[in-house]
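Take a look at these structures.
There are two complexes below, and they share chain A, which is joined by chain B in the first and by chain C in the second.
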Partner chain A sequence: MTAPAPALSVEGLRVAVGPPGRGRAVVGDVAFAIPPGGRLAIVGESGSGKSMTALAVAGLLPRGARQTAGQIALGGRIVDPAGPGMARIRGREIAMIFQDPMSALNPVMTVGAQLVEAIRAHSAMSPRAARARAAEMLAAVQIPRPAERLDAWPHEFSGGMRQRVMIAMALTHRPKLLIADEPTTALDVTTQLQILRLIDGLCREEGSALMLITHDLGIVEGFCDSVVVLYGGRMMEAGPVAAVLGRPRHPYTRGLMATIPPLDRDVDWLDPIPGEPVATPAADAPGCPFAPRCGLAEARCRTVTPAWRPAGSKVAASCHLLAPSPAGGGLS
Partner chain B sequence: MPSSGAVTGGRGALVTAPALAVEGLTVGYGRAAPVLQSVTLTLPQGETLGLVGESGSGKTTLARAVVGLVAPTAGSIRVFGADIAALDRAGRALLRRRVQMVFQDPYTSLDPTMTVGEAVAEPLVVHGLGGRAERAAWVDELMRLVGLDASIAARFPAELSGGQRQRVAIARALAPAPALVICDEPVSALDVSVQAQILNLLKRLQRELGLSLLFVSHDLSVVRFLAQRIAVIEGGRIVEDGPRVAVLDRPQHPYTRALIEAARLRARPAGG
Partner chain C sequence: MGSGASRQERGQALARAAARRLFDLAVVMVGVATVVFLLLRAVPGDPVLILGGLDTLDRDVIARARAEMGLDRSLVEQYLIWLGNMVSGDLGRSLRSGVPVTDLILRAMPPTFQLGIMALVIGMVISVPLGVAAARRAGSPADLGITVFAILGISTPPFVIALGLVYLFAVEFRLLPVAGYVAFADDPAGNLRAMAMPALTLGLVTGGVLVRMMRRSVIDELGEDYVRTARAKGVGETAVVYRHAVRNAAIPYVTILGLEAGVMLSGAVITETIFAIPGLGRLMIDNINARDYPVVQGTVLVVALVYVLINAGVDGMYRLLDPRVRAGAAR
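And then the complex of A and B:
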């Protein structure tokens, strides 16, 4: 029996910015797969390449950035996200929601008109039927009095309501993959939880796979089943959420856990990672991008890029110290 | 008669006066519902009070009222025992020196045309503290205190990282030797690995300098790390107020429980 093709598979993804030939890689050798209905988190700080990875998959890279290597497949079919066929795929097979729902909505169109446009972009539905469907969608994202709200303008909605509209729009055509790039970062904390539960519930109902971009490990723990940890445009560690967060192998993942204040107990001091993330990394430079901030770094960490290797059941990581070193020791 | 000397705080002040005592504070604009309604809060000297709420809760208005940037409709604010509405001119000048603020966004709170050294020294110049040589020595000392290399004093804010800028903003706030520091979401714009550095710094400074800290935040895990007491504000009212552990481990108000549940999204996962 063969396993069903993954909803999304990414192999050897590389994204560069700047002029061709003289560009700098901001994402290097990123690879992962999401099974149908699976929920993957991509975690990282500023400059980790997490948003660039998401935009590359959706074929929405900003001007000046381009995919220079790698293969992206949707449901087992290889696609070219930058190619002309992507417009038919985006919105129907892949949908994306962003951090700021105000700038993603058109301020001079009513909410209903935007939903109708999204529905009719990929179906031959009549305007009247599309409007009825739009009201159903607003109801599905738990907006009260949905039929009346179709005539509202985006500025009449709160941030949380706007994000609900974006979710409704994204899930219109039951995509196989929903990409959510920091969908709750701009919202109030109690609204964040409601929106994440809504995304989670609707993805389960529709059977959509979820690729969630976040910097919050608590969100990863609560809403995803596997996780990719990025730093400086490269993969540090990946695996099932329970394994990676329960027993982080990579010094960066460990450092990230220790740096966050716990909610359920008192600690006198936090264990910060020294220094700050580099805003514009060179993901193709030799060595480990985390080496300058890593307390365990050795000479080879700065000169030799560590291989991606298994680091436990279903977990893999990129760190020299995970392999038995000539001096003995190692982390695992 | 209001005594301006009482605002001094620190060693010279009466130990019995809280750093901050807000009583029945109401702030309203026109006919709209008041932004703050009968808010009562106490911050004992040398402690940290965490004020937790979401946007629109009135937490920033409260912080601004304490530094006299917002006029109350009713109620009183006492800083080290002195009613800030009854201060004379000298008292108000002293208040502006002894109460300092650190803001959320270190990108907009620093003047881009001033070097770091000028920005940190500016409050000293404004308050007429020290001569040129003394100010330069104090700026060096402040830079060391917040963990910045003295060479950074010659740079401009645009050349610094987010964490470095927030350290500069803290050094600038500490320059006139305040006794009460109000921090309004000082780490929410920073990456998590940098946030921990600033939180440790604030805790260390609070202890070493005996500062009283009003720490305004939406994040209960951050507040748990820093504060002895927590006040929860919703819709301009304090809905719960008490010692840190009691509020977090035995919350009484449903809104506090909702905030705790939401804070798990940000907090260290259970595995860690």
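And then the complex of A and C:
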């Protein structure tokens, strides 16, 4: 039996910033796959490389950052995100919404013009038809009086409404994959849940896979089925949400869970993560990136990069303590 | 947020902006008039003596001339009379020729305005494509080349550019006249030939400034989130640059364009002198040397008025380019 090709598969992804040759790796050896219609969460503290991973997949890395290794495939087809052909794929097969809706829309174009632009980027629709479709899209993201609102300017919309517009634009062409980079972080709490429900519902309707970046484990539990935990640009642990959050193996994941209100689980290791995340070594440096802050670190943690190894059914992690060790006392 | 209410609000915002503009205009004009009046009288040199020559006039003649020119009255009286006349549009007569100052100014305006507009158009035609091209390839050899060109344009004194152009086009290739002026109405082709080098002189200087501005703004805008959104939608790179980045970059660009339009007026002094163009710059210089107060005063006032109008024009452009300004929202 052959499984359908994943909506997205990422292998050995590396991203570096700075001048070529003297750059610093900010993402190293990230690999994951999202099945069609699947929901993957990427979690990690600020600076852990979540956005860089997402932007690399979409080919939207900022100036000064570049993908230095790795293979990305959409629906089983290998793509070059930085290549010239990516413009035809973005917005049609893969779409993205961002953290800050206040700056994500062009301030000198009407909301309608920006929606129409998204529609016509991948279809030969007439301007008039595209406008009608744009109104439908605004209605789909529950903006009242959509036809009227097409002529509004972004500054006339609240943050929540702008994020709705972003969602409408992103889902116009029923992409196979929607990447949402902390879509609700900039919004107030009541709006957050509405926006997440909207994304959730529309992705379900359109059959789009979702890659949701967040540092809120509550959101991961509520909306995703698998999770990748990043630290210092590297994968710490990955697997089904229930397994990873239900019984975290990796010291970093455990620490991350301790930073949110305790869940009713037998997590017996509840020290908040000490130390500053800014002290992270480059994502291609030898050793475990978490070693400077890990309460269980050993000498080898600083010099030998822990291998990525299975840590239970469908779960994998990278920590020396998960290896069957002659000294005993592993974490699993 | 109904559109009816907001349209009414926008109308009110526009009216408020216009009223403030008019008030500013009045304040600026009275201020300029006062400063010019005082400065001219602080400069040593009696106009009557300069006009007549020291030896030839006897005391009676001098006294009569002073009375005719109103120079025998107190400074305060002279000031009030002049202000009053200014308000009624009467800028007085030239001390030397007796010609109404308004006539002199009206005659000098077309060449200066033509020169300024041609130079600005040249500056824009140079700066938009070059600035955008440099921004798109920031850091490349092409960008470096454009930057060097722009800095040369900015830092070379206009008279050096003028002499270079004269050498090239008038001496070497004999394509254009060295200097001189014909009115457009009299001889359109001759007028354009005469204005080509002066306009290019000013246009290159201004173009250099504007290229730098356009390059910087487009680079900044290309790093903005909304540009990333446009790319995420699959919009082609050319449309991303022109439809999104350049349209936003036009807002700071217009500010500098307005400043440059003002600079044109002072740049015209040198350029008009080099190329013998009878414009406002020449009118002012010639009459400062002759202490012809009314002409200098009038010219400075008109130049100040043009500055204020340019500013109003820039504000108008903001309204056109930026919906947030139209709405009267914070900028």
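As a convention for this text, the second predicted complex is superposed on the first by the 320 of 332 C-alpha atoms of A that agree within 3 Å, B and C clash if a C-alpha of one lies under 4 Å from a C-alpha of the other, contacts with A are read in each partner's own complex, and residues count from 1 in each chain.
Just so we're on the same page, a contact is a pair of C-beta atoms (placed from the backbone, for glycine too) under 8 Å apart; a residue touches a chain by one contact, two chains touch by 3 or more.
Bear in mind that the values here come from a model prediction, so they are computed numbers and not experimental data.
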Chain B and chain C placed together on chain A: clash or fit? fit
For this session: Determine, under the contact definition given at the top, whether A:218 touches first (chain B), second (chain C), both, or neither.
Result: first
Of the two partners chain B and chain C, more of chain A gets touched by chain B
By the touch definition at the top of the document, which applies to A:242: first (chain B), second (chain C), both, or neither?
first
Considering only the touch criterion stated at the top, classify A:283 as touching first (chain B), second (chain C), both, or neither. neither
> Is A:96 touching the first partner chain B, the second partner chain C, both, or neither of them?
Replying inline: second
Checklist entry - Counting only touches as set out at the top, which of chain B and chain C does A:153 meet: first, second, both, neither? => result second
The superposition places the nearest Cα atoms of chain B and chain C at a distance, in Å, of 16
Counting only contacts in the complex, chain A reaches chain B at residues 45-46, 184, 188-190, 192-193, 196, 215-222, 242, 245-248, 255-264, 266-267, 269-274, 276-277, 279, 293
Chain B contacts chain A in the complex at 54-55, 161-164, 191-197, 199-200, 203, 218-222, 224-225, 244-245, 248, 258-272
In the complex, the residues of chain A that touch chain C are 58, 60, 62-63, 87-92, 95-96, 98, 100, 103-109, 114, 117-118, 121-122, 148, 151-153, 155-156, 166, 169-170
Within their complex, chain C touches chain A through residues 1, 3, 6, 222-226, 228-237, 239, 243-244, 247-248, 251, 321-324, 327, 329
